[in-house]
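Below, subunit A partners subunit B and then partners subunit C, in two separate complexes.
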Partner chain A sequence: MKTLYVEGDSLLHRLAPRTKLLGLAAAGIALFLFRSIPPLALAAVISVAIYASLGIGLRQSLARLRPIFLTIAVVALFTLLVGSVEEAATVLLRLTSLMLLAAAVTATTGIGEFIDEITLAAWPLERLGLVKAADIGLSIGLVIRFVPEILDRYHAIQDAHRARGLKPRVLTLAVPLIILTLKNADEIAAAIDARGIRAQR
Partner chain B sequence: MDIRFEEAEARFDGRIVLHPLTLSLSERRIGIIGLNGSGKTTFARMINGLVIPSSGHVVVNSFDTSKDGEKVRAETGFIFQNPQNQIILPILKEDIALGLKNRKLSRQETDVAVARVLQRFGISHLAGRRAHELSGGELQLAALASVLVTEPDILIMDEPTNQLDLKNRELVKRTIEGLDENIMVISHDLELIEDFDRVLLFHEGRLAADGRPADTIRRYRELTR
Partner chain C sequence: MTTRDLVLAALFAAIIVSLGLLPPITLGFIPVPITAQSLGVMLAGVVLGSKRGTFAVLLVLLLAAIGLPVLSGGRGGLAVFAAPTTGYLIGWVFAAFVTGYIAEHFVDRGQTGLVQGVNFFLAALIGGVVVLYAFGITYLALVTGLGFSKAFLGSLAFIPGDCFKALIAALAGRAVMVGYPLLPQRA
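Then we have the complex of A and B:
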C-alpha cells in the first residue's frame, strides 16, 4: 500500500489542502494564459524551487517524475516537429511547471485530506439529491490510493513470469492483474463495510 | 455481549455454507476453530452483518443483522485475515481517523482519539508511517487500533496470528490477552484460545462441538485424525 504523500514540515505541508488545491487550479489557468517564454521560464524556476523546498531528494524526485516528464518531452518534441522552437519551449516550460506544482501538492497532501476536500466540494450535489458526497470523496480517495498498488501488482506478475521463465504477454499479464485487483477490491469493500466507513454522513 | 443465532443459515449460490444454527453467545472470550472451509469465517461474518442469513436471524446486542446493519457494525469490530486489506488509507493515523468520520468529531477530538488508541497499543511512533512499511505484528496492531478507535462492544478477529513469525505472534498474543473488550477469535493457533471462556468447533458447515476449550480442542483433534 504505497502513497505519493511525503511526511514533512515544509510550508506547503502546513498550508490548508483547500488553499493548495485552489492555488494549483489558479496556477494551471495562469500558465495557459502566458504565451511568451520569459514568464513561463520564471514560472518553471519558481516551480522547481517549490518542489525542491519539500526536501524529497534528487533520486526519489527523478523516480517519481520521470514517467510524466518523458511524456512531456514527447509532446514537446512533437510540437518542435510540427511547429517552431518557441512553441516547443512554451509547451515544455508550461507542462513541466504544472507537473512540478501538481507533484508538490500531491506530496504534501494526505489522501484523507483529499477525501475531505472532495467530499466538501461534492456537498452541493448531495443537496440536490444527486449523489452522496462522502461516497464521492471516498471513491476518489480510493482511486488515488489504489494506483500505486495496481502498478506494484503488475510488476509482481511480471516477476512471476520471469521466475517461471515465461515471456510476459498482454493477455497473461492482464488476466491475473484484473482478477487480483477485483478480488482485492472485494476485500477492501468488505473492510469499508465492516468499519462502517460508508455510514459517514 | 449478547449474540443470538436463530435458525440462521448461510447459502452461497444455492450451496449451504452454514447449516441452520441456533445458539446464544455471551462469554467475554470465545474461540472459533475448524478446518479450512468449515464455515467458521462465514459464521463470524454473519455476526457483524457482512453475511446476511439466507434464512433465520442473527441478533447482536438486540439488533437484527439483516435490518440494522449499521448499528450492528457499530457494535462489532472485525479484523480480517489479511490486515493489509483492513487498512484503507496508506498513512496509519489517516486510516484510523477515517473510521471516526461518521462520529462528526472536530479535528482536534479526532486527533486526540487517534493519539489515544495509538498509545494504547504502543504504536504512537508508527502514526505517520505507511502501512506497507510495517511488519506483520505492527500491521495487526495497526488493524486493531483502526477498529477499536470506534469503541465497539465486540471484537472479532479472523486468524490474527496467521503468517506471523514467532516474535510477532507472541506480540499479538500478548495484546489479545490484554484486551478488555468482548472478543471472538477464529484461529488455527490452538494455543491462542486454550484459556478462553468458550470454544466453538465448526465442521462441514455445522457446529460440531461447543464448550470448554480443552474438550472442544480434543474433539477437533479427533476429527482431524
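Then we have the complex of A and C:
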C-alpha cells in the first residue's frame, strides 16, 4: 500500500510532526470561528499557497484531493439550493481550506513519525491501564501485512465461484472470506506470543 | 485484551480496508452505488462483538489518519476528516459498538435460525443505520449550518442502500456464527 507521504525538503517537511498537528488543530478551530467571507477567503488563499509550496504538482494534487473536494462541492451546491449564496460560500471556503491544510500535513509527515506521536499520545491511557501503546504499532503492522493476502483470498474465492459456474454474490463471497481470514487468528496470536512481542513488563 | 482479540480486530480491520479497495456495487433498484466498506463496519459488530469490533474500526480510521489510502475510493490522510461527511466516519466507531453490543446480548446460540437472523438484522439496522446517521447528520448539520431537517433530506438517498447492507450483514453474521463462532455470548 502506497502512503500519501511525499518526499521533499519544504518548510513543512522540516517542522516537527507535533507542531504541524497542533497547528492543524488550531487552524481547524480558527476556521470555524470566522463567519464572514473576507477572512475565510484569505484563509483559503493562504491554504492554497501552503499546499502549493510542497511541490506535489497539479496532476498528483488533483488525484489526491478530488474525492474529498467533490463531497465538499456537492454539499456547498446543496447549501446553495436550500440556503443563501453566503452560506454556500462559507461552507466551500472553510472546508476547502481545512482539506488543503490537512492534506499538507499528511503529505509531509511519514508514517513512522505519526506512529511515534500516537505512541506518545497513548502514554496517559497506558498509565490508566486502558491500552498498551506498543499494541497500536503492532496492530497497524498486522493490518498492512494482511490486506494483500485478503485481496488474494477474495480473488481465489471469486475464481472458485467461476470454476463452478456460479455468479459471485456479496454474501457467498463475504462469508468464506471472513471465516478463512479469522481462522488464521489463533496461529498468528500464538506466533506473536511465542516471540514474546507483547511480553508483560 | 488478549493477543487473540488484538489479532482478530487487526484482521477484521484488514477486511474492512480490502472491502474499500473493491469496486462499488450498483444494485438495480437503488440509484446510489453502494460501497462495501460500510458493510464491513456492520460486519465487524455482528461477527466480533462490541469491543473487538470497535477496535477494528478505530484501527481503520487510525490508518487513514496517518496517511494510508485505506478508505473506499483510495481516500486517506487527515483531509478525509475535513470533509462534510466526516460525521459518518466518527459514527462508524459507535455503529460498530452498538451493533456488537446488541448482537452480543440478543443473539443466542439456542435460538432458531430465523430469530438469530432477525436479531442480527435489528442489531445492524440500529447500529449501522440509526446510530450512524445520527452522527453523520448531526455533523453535516452543524458543520455546514444546513440545519437538521435539510441535512436529513440530503442524506435520505443513502438510507435504502444501508438498510440493504444491514440485511446482508445479518445473513453473513449468522452464517459466520454457524461456521466459526466468535461472538462473545452475554445474554
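Note that in this section the second predicted complex is superposed on the first by the 136 of 201 C-alpha atoms of A that agree within 3 Å, B and C clash if a C-alpha of one lies under 4 Å from a C-alpha of the other, contacts with A are read in each partner's own complex, and residues count from 1 in each chain.
One rule holds in what follows: a contact is a pair of C-beta atoms (placed from the backbone, for glycine too) under 8 Å apart; a residue touches a chain by one contact, two chains touch by 3 or more.
Here the structure is a predicted model, which is why all the values come from computation and not from measurement.
Enquirer: Determine, under the contact definition given at the top, whether A:134 touches first (subunit B), second (subunit C), both, or neither.
Expert: first
Enquirer: A:195 in the overlay: touching subunit B, subunit C, both, or neither? Say first, second, both or neither.
Expert: A:195 sits against subunit B, while subunit C stays out of touch.
Enquirer: Looking at A:179 after the superposition, I want to know if it touches subunit B, subunit C, both of them or none. Which is it: first, second, both, neither?
Expert: second
Enquirer: If you count the residues of subunit A that each partner touches, which comes out higher, subunit B or subunit C?
Expert: Looking at subunit A, the partner in contact with more of its residues is C.
Enquirer: Is A:7 in contact with subunit B, with subunit C, with both, or with neither (first, second, both, neither)?
Expert: In the superposition, A:7 touches subunit B alone.
Enquirer: Check whether A:111 is in contact with subunit B, with subunit C, with both or with neither, and answer first, second, both or neither.
Expert: After superposition on chain A, A:111 lies in contact with both partners, subunit B and subunit C.
Enquirer: In the superposed arrangement, does A:142 touch subunit B (first), subunit C (second), both or neither?
Expert: A:142 sits against subunit B and subunit C alike.
Enquirer: Show me the subunit A residues, by the header's touch rule, that subunit B contacts in one structure and subunit C contacts in the other.
Expert: 1-3, 5, 110-111, 115, 142, 184, 188, 192-193
Enquirer: Spell out the residues on subunit C that touch subunit A in their complex, using ranges where they run on.
Expert: Against subunit A, subunit C makes touches at 1-4, 6-15, 17-18, 21-22, 25, 36, 39, 43, 47, 55, 59-60, 62-63, 65-70, 73-85, 140, 143-146, 150, 153-154, 168, 171-172, 175-176, 179-180, 182.
Enquirer: Please output the residues of subunit A touching subunit C within their complex, sorted ascending.
Expert: Listed in rising order, the residues are 1-5, 24, 28, 64-65, 67-68, 71-72, 75, 78-79, 82-83, 87, 90-91, 95, 98-103, 105-107, 109-111, 114-115, 118, 135-136, 138-140, 142-144, 146-147, 149-151, 154, 170-171, 174-175, 177-179, 181-186, 188-189, 192-193, 198.
Enquirer: Over in the complex, which subunit B residues touch subunit A? Could you list them?
Expert: On the subunit B side, the touching residues are 48, 50, 70, 73-74, 77-78, 80, 82, 84-91, 94-95, 97-99, 101-102, 128, 130-132, 146-147, 150.
Enquirer: Under the stated contact criterion, what part of subunit A meets subunit B in this complex?
Expert: Residue list for subunit A touching subunit B: 1-3, 5, 7, 110-112, 115, 134, 141-142, 145, 184, 187-188, 190-197, 199-201.
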